[in-house]
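Chain naming follows the written order as A, B, C and D, and within any one chain the residues start at number 1.
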Amino acid sequence: MINLIYMFVFSLVYLLLLALTAGILTYVERRIAGRMQSRIGPNRVGIQGILQFIADLIKGVQKEDIIPADAYAFLFKIAPYLVFMGVFLTLVPIPFGAYTLMEDLDVGIYYVLAMASYVVIGLMIGGWASNNKWSLLGGMRSAAQKISYEIPAALGVFIVVIMSGSMNFQKIVAAQGASPVDWFVFRNPFTFIAFNLFFIASLAEGNRVPFDIPEAESELVSGYNTEYSGMRFLFFFLAEWGNLVVIGALVTCMFFGGGSFWYEWKISIPAPGRDPIVFEVLGFLWFLFKTFFFVFVIIWIRWTLPRLRIDQLMDICWKYMVPIGLISSLGIVIWMYFIPENSTIDRIVRLTLTSLGAITVLYFKYRVYKNLKITKATIYANPFV
Amino acid sequence: MKDAIFILVAVFAVGGALLTAASQSIINAALGLLLSLISIAALYIFQSADFVAISQILVYVGGVMVLLLFSIMLSSGSTDFFKNNPAMKVFPALLIVVVFAGLAIYALFSANLTFYPGQYGPSTREIGNLFLKDYILVFELVSVLIVVMLVGAGVMLRKELVRKAVASDGDSKDEKENKK
Amino acid sequence: MNFALPLLEKLKQEMTSKTSEIIQADSKMPILKIEAKDIREAVKKLHDDPAFDMKYLNCISGLHLTQTKEDGTLDLLGFEVLYVFSSARDFSTIAVRVDLPEKNPAIDTIDDLYGSANWFEREVYDLLGVNFINSSDLRRIMLPQDWEGHPLRKDYKEQASYNGMPTTRPNEMESIRIE
Amino acid sequence: MITENDLQSRVEITPINGSEIEINMGPHHPSTHGVIRFILFLDGEIVVRAVADVGYLHRSIEKIAENLPYPMFMPYTDRVDYVAAINCNLGYALAVESLAGLEVPERATWLRMIGAELNRINSHLIAVGALAMDVGATTPFVHAIREREYILDLLEILTGTRMNNNYVRFGGVCQDVPEDFFKKTEKFLDHFVLFLGEFNRLLTTNKIFLERLINVGILTGDQALGFSFSGPNLRASGVGHDLRRIDPYCFYSDMEFSVPVGSGVKGTTGDSFDRFIVRIDEMLESVKILRQIMSKIKEGPIQSKIPRKIVLPAGESYHRSEAPRGELGFHIVSDGKSNMPYRIKIRTGSFAAMTSLSELFKGMMVADVVAYFASLDVVAPEVDR
């Protein structure tokens, strides 16, 4: 009984945290978008507009909850909750620290994939029950897209599972290390491919640009949430931004070493003689930093790229990502058979890949500065200028 | 407490199945099926079969149900929410119920079932071992079946496309050019 | 303006019926005035004859010909439809004018020759009520399908209400006017 | 009077067979840029048939013109194309002046050209920005709007208003400019060329953007001529039709500028990408023209003497000029007695561009419909007038 109450309280805290994070992310996204588009963004409510999301929440609650006359009311009502529930449930096995997690599921990644596929039903029901053709098209596009992109995502996950020998998140994190050389993303070429597959497929599953065709506002008005208003609409949005956190956290866990922040210290195996609580907190913060870095990357992509057409979207999935994923999942098996971990070749490959990554980042920085020089633009790194 | 949850889940599973069978509206029937499938996944967890439970959600909820809903929602009749089911016949239905109930009862009593009440342990590794050691042939046969299914679906779709292209030769050319 | 008088004269000579005449010859825009029954022949010649090569339809315009009598009433004289074509080669332009009677104004369509002619014709039909015979799709374009009358006619009287909605509204300034 | 029974309408709007979905894109839809409506019959995502419907913004400007003296109609021409108001003013003024034989002072003509070219850049910025937004990239649109803001500031100095300028008068312009206007314009042009390079790099090197536009909505030169296209849309199909060249007005015959023509840089000549790139090139040509004007403009009067009551000689004339959206023709008929026009018919580029839609939409996907329509740069009030 106590256990049950503990579970209940813990999930309530998680729920509130997720809602809060999603809310703040709406603000952050608008600030970043504003900076990218030479405007300011919300800066009126609270210090630098930080409380804007609360104002939006209050406004959303006050709005009339419109249910279209010919809609299937029951399904129309429950659809946003189904979607939000699906996104929230994906958070369950994600380890924000060695102990900061809801449930250390043995089938962690598998569970996350299952929940992601479950969200589709909510979107489809929402689109269909609105009795609006734009919504219906949006819902159907969403379903087609998500089902397709589950395969490359699963192939990316598959490679990680083979590398770490487990579907448990803690063990996946433990199989990596704190330094970039130990991360799965730079471990060998196939895991690097797996990272790209998974990240791109996650963008598609999260309906983010350039894969936001289910709610393409210039084509489908607003897609599956066209008819929603007020609080139900906010639930769709909370789910979308909550999904950002989930994507960031998954990528961090699976490819970027999770919360292991100290070299030779791995998240689930605290070294003896060190205060576990301090390390727990530091690891948690380090995890959050990485997560929000990827959230930032996703937002950045959203405000930069145009949107794909649906046949191009399917082409990318079935003609490129799935074959590449299949080949690399074969490749990883061969690699692991012939090149044992920590052998010389393995170390050389790791170091090369890591330095290639570093060079890419530096080159990118150089290009940014070059372009800034050409256009004589001024850069404000601080978004609160 | 656990018993209470178990009973709740079981009621949901049976209720969903009943809703599927008795509902006059096809969309409600599908939703009943959804409820039933999710509840059965929960029942698997009670049996400490987490891998099977997640597979149930991934395959049946995320795959089969989505396809089912897809076809229901895109077919024209589904806009009539409360349409009578004209295919409902009593005697065939009874026959099917009797046959399947007999099979289920037979399976229940002939199988050597072990219960793990309240005991939770990872089962993924065991399932993997079983698949790749004892039941490798069955496993491979199933994968061959799936490949055949995929190829068959592709061939059928291709036939349909070819038929369409022949029916409207001029139009399809324009379409292709525009798409390119 | 490069409205080409020589081309107009050439067209006039090549027409089978000799009733056509060039008006406004000394102005910046000479116009060939032809009869309604000759329009398809003329336009076909303009479109297909390589000497003209008028593949570009600039505009189809129309107007209601009237004359105000001394007592203020209108004398309705019929309709005019003006076609402006350009050559696809050197973009020299010519204008062709057709006069139509007041009762049942009708003219052959040219929308099988020019892709855009249909919309231009629909506009003339909608606003002036000129019928284009054999048109592929002659519907109203600007106004609702059940609108009565054609607004650019000089004798047009707006219908008092449309589908129960009054077409005029009371002048709100009148109510607060200080005498 | 013709009754509805006399009509031979062969286009059927309502009946559809079972597998088609009929959707209404518009009159209120994010991608129609105003109130234009397409009725699309979809087979899945592919358009089987399409009917374009206009008239939602019909204000009967042509009827209004018949009841106003010539000068009083000038503000209405602003509203024909609100994005490029001075071009419309200029077209109307030129038409009336050529009929009435009015003289225009040299400086006034230069000022008119400055206004027209600034407005052309303004209009093309909106066009390419909206095109980018309709294929899903929000940021380029906002950047384009930012640059347009500078132009609007310049236009404010020049004309006193930001939009709907009502700048041109018969025989001149309404006001002279302060001397620092030219310095500011020079400065803006220097900045604008750099900006255009950046904008171009953001879009034309973007694979997704290219994929969305290349080989979408291909119109050969003959087709474009048949649909009465004009302006950038016609030039993109490879026809070098520019009224500033073939039928020069103002001092355009003295200007050195090239007419950018679509050549299928990335795909086929006359696709949507050509329409995009022709507009970009044309902005650069406008910058060239503006620089030349700035070097040639001299002090002088800005308004010639015109009669108090303008009465045109009896007769009719069709005068055309090159507006940003193509040929802007004024068919003016005068009865030779009244100071009001007997009839004014305005021929606009957008109206002609609309004629191609029903034909071209066939076989496109919904996303292509949006991209193709945006690449035509149609402005709703110009279609309906």
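Here is the rule we go by: a residue touches a chain if its C-beta (ideal position, glycine included) is under 8 Å from a C-beta of that chain, and two chains touch if they have at least 3 such contacts.
Everything quoted here is computed from the prediction, not taken from an experiment.
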Pair exhibiting more inter-chain C-beta contacts, A-B or C-D:
C-D
What chain is the most remote from subunit C, judged by the mean position of CA atoms in each chain?
B
Measuring centre to centre with CA averages, how many angstrom lie between subunit A and subunit B?
28
Centroid from C-alpha atoms only, then distance subunit A to subunit C, rounded to Å. What do you get?
61
Centroid spacing, where centroids are CA-atom means, of subunit B and subunit D in whole angstrom
56
With centres defined as the mean C-alpha position, give me the subunit C-subunit D separation in Å.
23
Give me the residues of subunit B that touch two or more other chains.
179
Interface hub residues of subunit D, defined as touching at least two other chains:
365, 368
Residue ranges of subunit A touching at least 2 other chains are 311
Subunit D partner contacts - residues on subunit C that touch it in the complex
1-2, 24, 27-29, 31, 55-59, 61-64, 82, 84, 88, 90-91, 93, 95, 104, 114-116, 118-120, 123, 127, 129, 131, 133-144, 151-152
Subunit B residues within the subunit A interface of the complex:
1, 27, 31, 34, 50-51, 54-55, 57-58, 61-63, 65-66, 69-70, 73-74, 79, 81, 122-124, 179
Once bound in the complex, which stretches of subunit A touch subunit D?
33, 36-39, 133-134, 137, 209-210, 212-213, 216-221, 303-312, 371, 374-377
Spell out the part of subunit A that touches subunit B in their complex, as residue ranges.
1, 4, 72, 75, 105-107, 110-111, 113-118, 120-121, 124-125, 128, 131, 136, 139-140, 143, 147, 150, 167, 311
Listed in rising order, the residues of subunit D that touch subunit C in the complex are 1-2, 6-11, 54-55, 58, 60, 62-63, 98, 222-223, 225-228, 239, 241, 246-247, 315-320, 327, 329, 331, 333, 342-343, 345, 347, 351-352, 354-356, 359, 384
